[in-house]
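Here come two complexes built around chain A, the first alongside chain B, the second alongside chain C.
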Partner chain A sequence: MNTAAPVVIVGAGPAGATAALSLAEAGISSVLLDDNGAAGGQVWRTGAADLGPPLAYTDARGDELRRDLKRHGDLIDHRTGHEVVGLFPDLRLWVLEGGETVTSLHPKAIVVATGALEVFAPVPGWTRPGVYGLGGLQALMKTSRVVPDGPVVLGGAGPLLRLVAAQLASFGAEIAAVVDAAPWPSSGQVLRLASQPGLLAKGLAFEWGLLRRGIPVHRGSAIVEVAGDEEADSVLVAPVDENWRPVDGPRRRLEARVVGLGYGVRSNVELTRLAGCEHTFSASRGGWHATRNRDMETTVENLFLAGDGGGIGGVEVALAEGVIAAASVSERLGQGDRLKTKAAKARGRMVDLVRFQDALADWSGVRPGILAGSTEDTIICRCEDVTRGEIAAAVAAGYTDIGPVKMNTRAGMGLCQGRTCTPALQAIMASETGRPLAEAGLPTSRAPLRPVPLKALAQLPLDEAVE
Partner chain B sequence: MTRFRRTTPVQSLVSVTVDGRAMELPEGEVLAAALLVGGMGRFSDSVRVGEPRGPLCLMGSCFQCVAEIDGTPQVRTCRTAVRAGMTVALNAPSSASK
Partner chain C sequence: MKQTEIYDSAVIGGGVMGCTTALHLARGGMRVVLVERGGLCGEATGRCGGTLSLMYVPAILVPYAIRGRELWKDAPRWLGRDVGFNDRHGLDIAFTDADGETLRAEMELRAAAGAPIEIIDGNQARKIEPALSKDIVAAAHCAQDGHALSYLSGVFFHRALARAGVDIRVGTDVFGVEGGDRGFVLRTAKQSIRARRIVLAGGVWMRKMIGWFGLDVPIIGRVTQETISERMPPILASGVRVFRDISLKQAANGTVLVGGGRGSRWIEDADRETVELDPAVVNQVMMNALGSARRAVPALAVARAVRMWTGIEGIAPDNMPVIGPLPGTADVFTIGCQRSGFTAGPFMGRLLADALLGRQPEMPIFAPAFDPARLLSMAPVDRERGVPTV
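Moving on to the complex of A and B:
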């Protein structure tokens, strides 16, 4: 058990890895924990084997990052396959290794950089095998160069939708249709997106990748049903209004051997919730996330937060926040302000990037009708098989807060601890109580965050194991 | 029915037992990916209504891809690398390990 490390960084994506590299630049050592086999996070995810030519629409920065981490191996203790399953207000961490052993760390400062999770909108049949997250289909490409065989229909909203479509198509996957809940961006939105010409150009490249291959994009539409015998074999597509509520109009059934769904991403708040940080809701940054000051410090002293885990900003913001967090940690440890200039530059970059993110959210961010495609019988919580009707009934019975609704229905209480169903649960709470989404509440998390063998917990010092 | 294909050549195959059946899978590959390419889509049955389920997120978040691996229940196949000689039981009756 290593309790001596002064700084622990959780998550080796762009934000966390950059924080570690910046600290190393200032001569400060850190432990970098990530549950994956390689650094890179979501955007620069990679596999174990030599995968041949790079994925379309990606850059080489992921490989550079991995090289840099190796080069600074003397100062950066990057531990792959290490999942943080507990984080407490006194900065103790529980780390699960290989699914078997739990150790405890107690650093002076922590940078949480755990990124985002995909947002799902349950519809009838979405639990069938053959339905994957857009990020899931992308992960198969990134780690394994595995792609769907047979017609694919992708549905949702946001940049990931068309990026994944274009990437799949570049491998020769048969994309039958892309179903986008958002309409074409308005000219005002395009203008605001153009404030970051480089990022807008990327988006247009995905669009062109689809157009060039003749892939139909149904805008202002949503997948409202996944049908099939046991596994998915078709989807039903319906037009939706500007709030993503299905409206009258022609519906079409499309054959699909593989269905991809995803309505954008939201901050993964499980660790900051456990640690007792204050959280806030901001529609333009993907909903709930912990609040931070300009030094990236949360309301828990010496607990810093960088990247998409602190509100969705995308990879460029994550990189900038990683630098800023490292500079703050360095100062806090009394290790000097060697990173000050670098952090000031990063702050400068962020202003425009955040404006771009606002425009993106304005165009494709989650709308109140996100759950309108579900019915009474639609399963919302896949772990515990809880339907929309059961959740609505609990609200009608007087449980108007999310915690009691969870206890009463078991929604969000299963193996995944609500990581999949929380946005849907919040949307149902909002519509059943007539409150805005921002007031639907944020469930608490409980340690350990993943199933842990009892004997592993028993290895912890006694006062910790009874948490 | 196979719904996925591999676009790069496999480097080395190892023997794995899946539901009592011997399979040759690429060593070090993400187990969920290898099983999907091998034609498996239904990984588990849901706890209450017993509906078929398969992987969803493929990034360790959703727990829909769990299987019993070498006797340990509820292991995420999307977080597990293929190893020679491993025994995988899909649709294994779930027993809480938490």
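Moving on to the complex of A and C:
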């Protein structure tokens, strides 16, 4: 099926849903695609209607957003369970539905709002059963209120670490400890974080939630090993320096049946890479993301990008960028500038938000020592079973670009296409070559992003014959 | 090695052709540097399907392809590694009587050149390969076919080359070559490299390389597209081709690989970025290929594609390889632009190395049919009619 909708928005999180709602305000219809069963994205992820007790530390904006989308159903064609698995520079999309059918859409403009992915840092034993990403643990809790049987140890850095700990604890999970690679924020950092008092207060609330329950937080420390017969039963915690490299000092072994790991988030660049957008590295925005101009347009014409997918900025930035992207699309389609004032306001809000984000990254953003806990035989790519030693050997042999390293080690070439191991691969390359993380480069992504029935691809309707 | 040292040979381009040439030159006692701008075998060689077949090659290349296939089979002996060689039968199938007739005529030429190929009918083909469609009217069957893990060739070659003492310079783009009184100087993004002898092994970039020496040859590029499936239960025992269309096989791990180029375009300048991102070409070629795959093997309807990619081959207007001394400049040689070049590659590289080492090659390598000089007076590829196939 082809659609005549002028605008397709990918991702129904705060950024994408806001873009759709703003466009609707201007009378412009759009197709809003998301692979989840409900809108809300990562932050406002939800499950079935009667989940029971509400999640701690969340607000009602997710429910409002879902109501608003429904209310504008005449203009917003929100398709749940639709995953975009291909995006080409001529703005053609492949959309996978229910894992079975693929349709090709070819709109006039696209807003990519696919958000962020978690950053994993492999340590010895991280592939044992019982080890999860923080986001995975949180998603289970958000969609079905499932809480792991403890003792649980969570390790990593950044706001998500504390949030997940506090949320799990509020549902009765036994959190044995939180292991944070970052130290206490410095007074200067606190001062800058205070530029957004509301956001700082949220952070302090997570902290208080831990303190109140007597959950120990080991700062300036990292989990350097997950041990167990087969399943995880303990973790080894070591002190780290300001670059997150383990240093001499007392090691602590903590009992843990469930281990949650996460070192912050990075932009999901799968689609912008496929589309051939130019990308840039920005340490304060979670690393690599597509470049955009102030109208949120990428280097591919009529391809706009809003939210955490264009550099990590958090919910409030995502909401603002959704508005700005919608205003740009409206103007581009010749639909007038009805969103202009709204967009100007959003731009104003962003200035301060971005300052906050800088301070946040300064305190807890990924450091070059992120992989120092791994050893020669630590598996980095679990799809293809590639170890750190094998990647280091490839670099030593002269392979200093990520593409050739992938080809020669098969790291990142498995089913998940490097979703999990890319940051680790980049960090290893940076440390082995002695170059900054920014020079480790970005791997290519290839369509389809997820397995797609061959049958469906063979029957893709095309808008024009090119044979 | 010091910067001032002069190599006996510099091989530019680290695909199957450059790697094997460098390997055998070094084993023959030369000081060899292999210069590759990306990683070893990151272009056509690492992207190709890895099919080892006699059914695609021009007839006079059949003896070379037979030896190349044997070498892949024999890899533990000369490469020190098993390259995942899979000994299979091959089938090239036709859906129409007209195609069946052309297939017969082409295959008879290859058979006469020594390929163990016979023509069979649809029922016989299905007896050999029960998964094939009922619509097949004729097929060619070859007892020598199979595949190797081409995507790992860079790893395989790297070890062997290092062991043989080849100086491997990956990530080193060569911008040009200058002649000097002390041999040649390769200009690279890093340090310059000196050598007495140059071997150009740039695949589809051969035209550009030959251009460094002031010559223009009508080599042109062609995109082929590959799609790989998830692991599946065994459905295919042989290598299957749909006549002049696609190549299809199942690896030992269960993945099915479909490769094809119908609907592709000729490329004047093989700047891969622009080709890879041309969605019209990629989408159309992929649909053509997957459509044919399903038609040939209906059971593939349930297969799931996990990834697709493209690669570019260099092609001369007469579809023959470009191997031999470059006219006009002594001590410069070319090797490449050979169709189904993965199959014959290891043999071609060995033959060229033998010739450069002053040994008698096992088969002619400086043959008139391969001679780069022939291209100087050759008309460009006719884009409508394409290139001859046998």
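Simple rule for what comes next: the second predicted complex is superposed on the first by the 459 of 467 C-alpha atoms of A that agree within 3 Å, B and C clash if a C-alpha of one lies under 4 Å from a C-alpha of the other, contacts with A are read in each partner's own complex, and residues count from 1 in each chain.
Heads up, the rule we're going with is that contacts are C-beta pairs under 8 Å (C-beta built on N, C-alpha and C of every residue); 3 or more make two chains touch, one makes a residue touch a chain.
Please read all numbers here as calculations on a predicted model, not as lab measurements.
K.L.:
Output check: A:G287 vs chain B and chain C. Expected answer is one of first, second, both, neither. What do you get?
P.N.:
Touch status of A:G287: no partner.
K.L.:
What is the contact status of A:P239 with respect to chain B (first) and chain C (second): first, second, both, or neither?
P.N.:
neither
K.L.:
Tell me the contact category for A:D35 with respect to chain B and chain C: first, second, both or neither.
P.N.:
After superposition on chain A, A:D35 lies in contact with chain B alone.
K.L.:
With the two structures laid over each other on chain A, which partner does A:V405 touch: chain B (first), chain C (second), both, or neither?
P.N.:
After superposing on A, A:V405 lies in contact with chain C but is clear of chain B.
K.L.:
Look at A:L415 in the shared chain and tell me whether it touches chain B only, chain C only, both, or neither; answer first, second, both or neither.
P.N.:
A:L415 contacts both chain B and chain C.
K.L.:
Count the residues of chain A touched by chain B and by chain C, then name the partner with the higher count.
P.N.:
B
K.L.:
Have a look at where A:R92 lands relative to chain B and chain C in the superposition and call it first, second, both or neither.
P.N.:
second
K.L.:
Please work out whether A:V452 is in contact with chain B alone, chain C alone, both, or neither, and reply first, second, both or neither.
P.N.:
A:V452: touches chain B and chain C.
K.L.:
Pick out the shared contact residues on chain A: the ones touching chain B in one complex and chain C in the other.
P.N.:
415, 448, 451-454
K.L.:
For chain B, which residues count as touching chain A in their complex?
P.N.:
Checking each residue of chain B against chain A gives 1-8, 11, 26, 28-30, 33-34, 36-37, 41-43, 46-49, 51-64, 66, 72, 74-75, 78-79, 81, 96-98.
K.L.:
In the complex, go through chain A and note every residue touching chain B.
P.N.:
35, 37, 42, 47-52, 83, 99, 117-118, 120, 127-133, 135-137, 139-140, 143-150, 171-172, 230-231, 257-258, 379, 382-385, 414-416, 419-420, 448, 451-454
K.L.:
For chain C, which residues are in contact with chain A within the complex?
P.N.:
38-42, 46, 151-152, 154-155, 158, 162, 168-171, 227, 229-230, 258, 262-263, 273, 277, 279-284, 286-288, 290-291, 293-294, 300-309
K.L.:
Can you tell me which positions in chain A touch chain C when the two form their complex?
P.N.:
88-90, 92, 276, 397-401, 403-405, 407-410, 415, 417, 446-448, 451-455, 457-460, 462, 464-467
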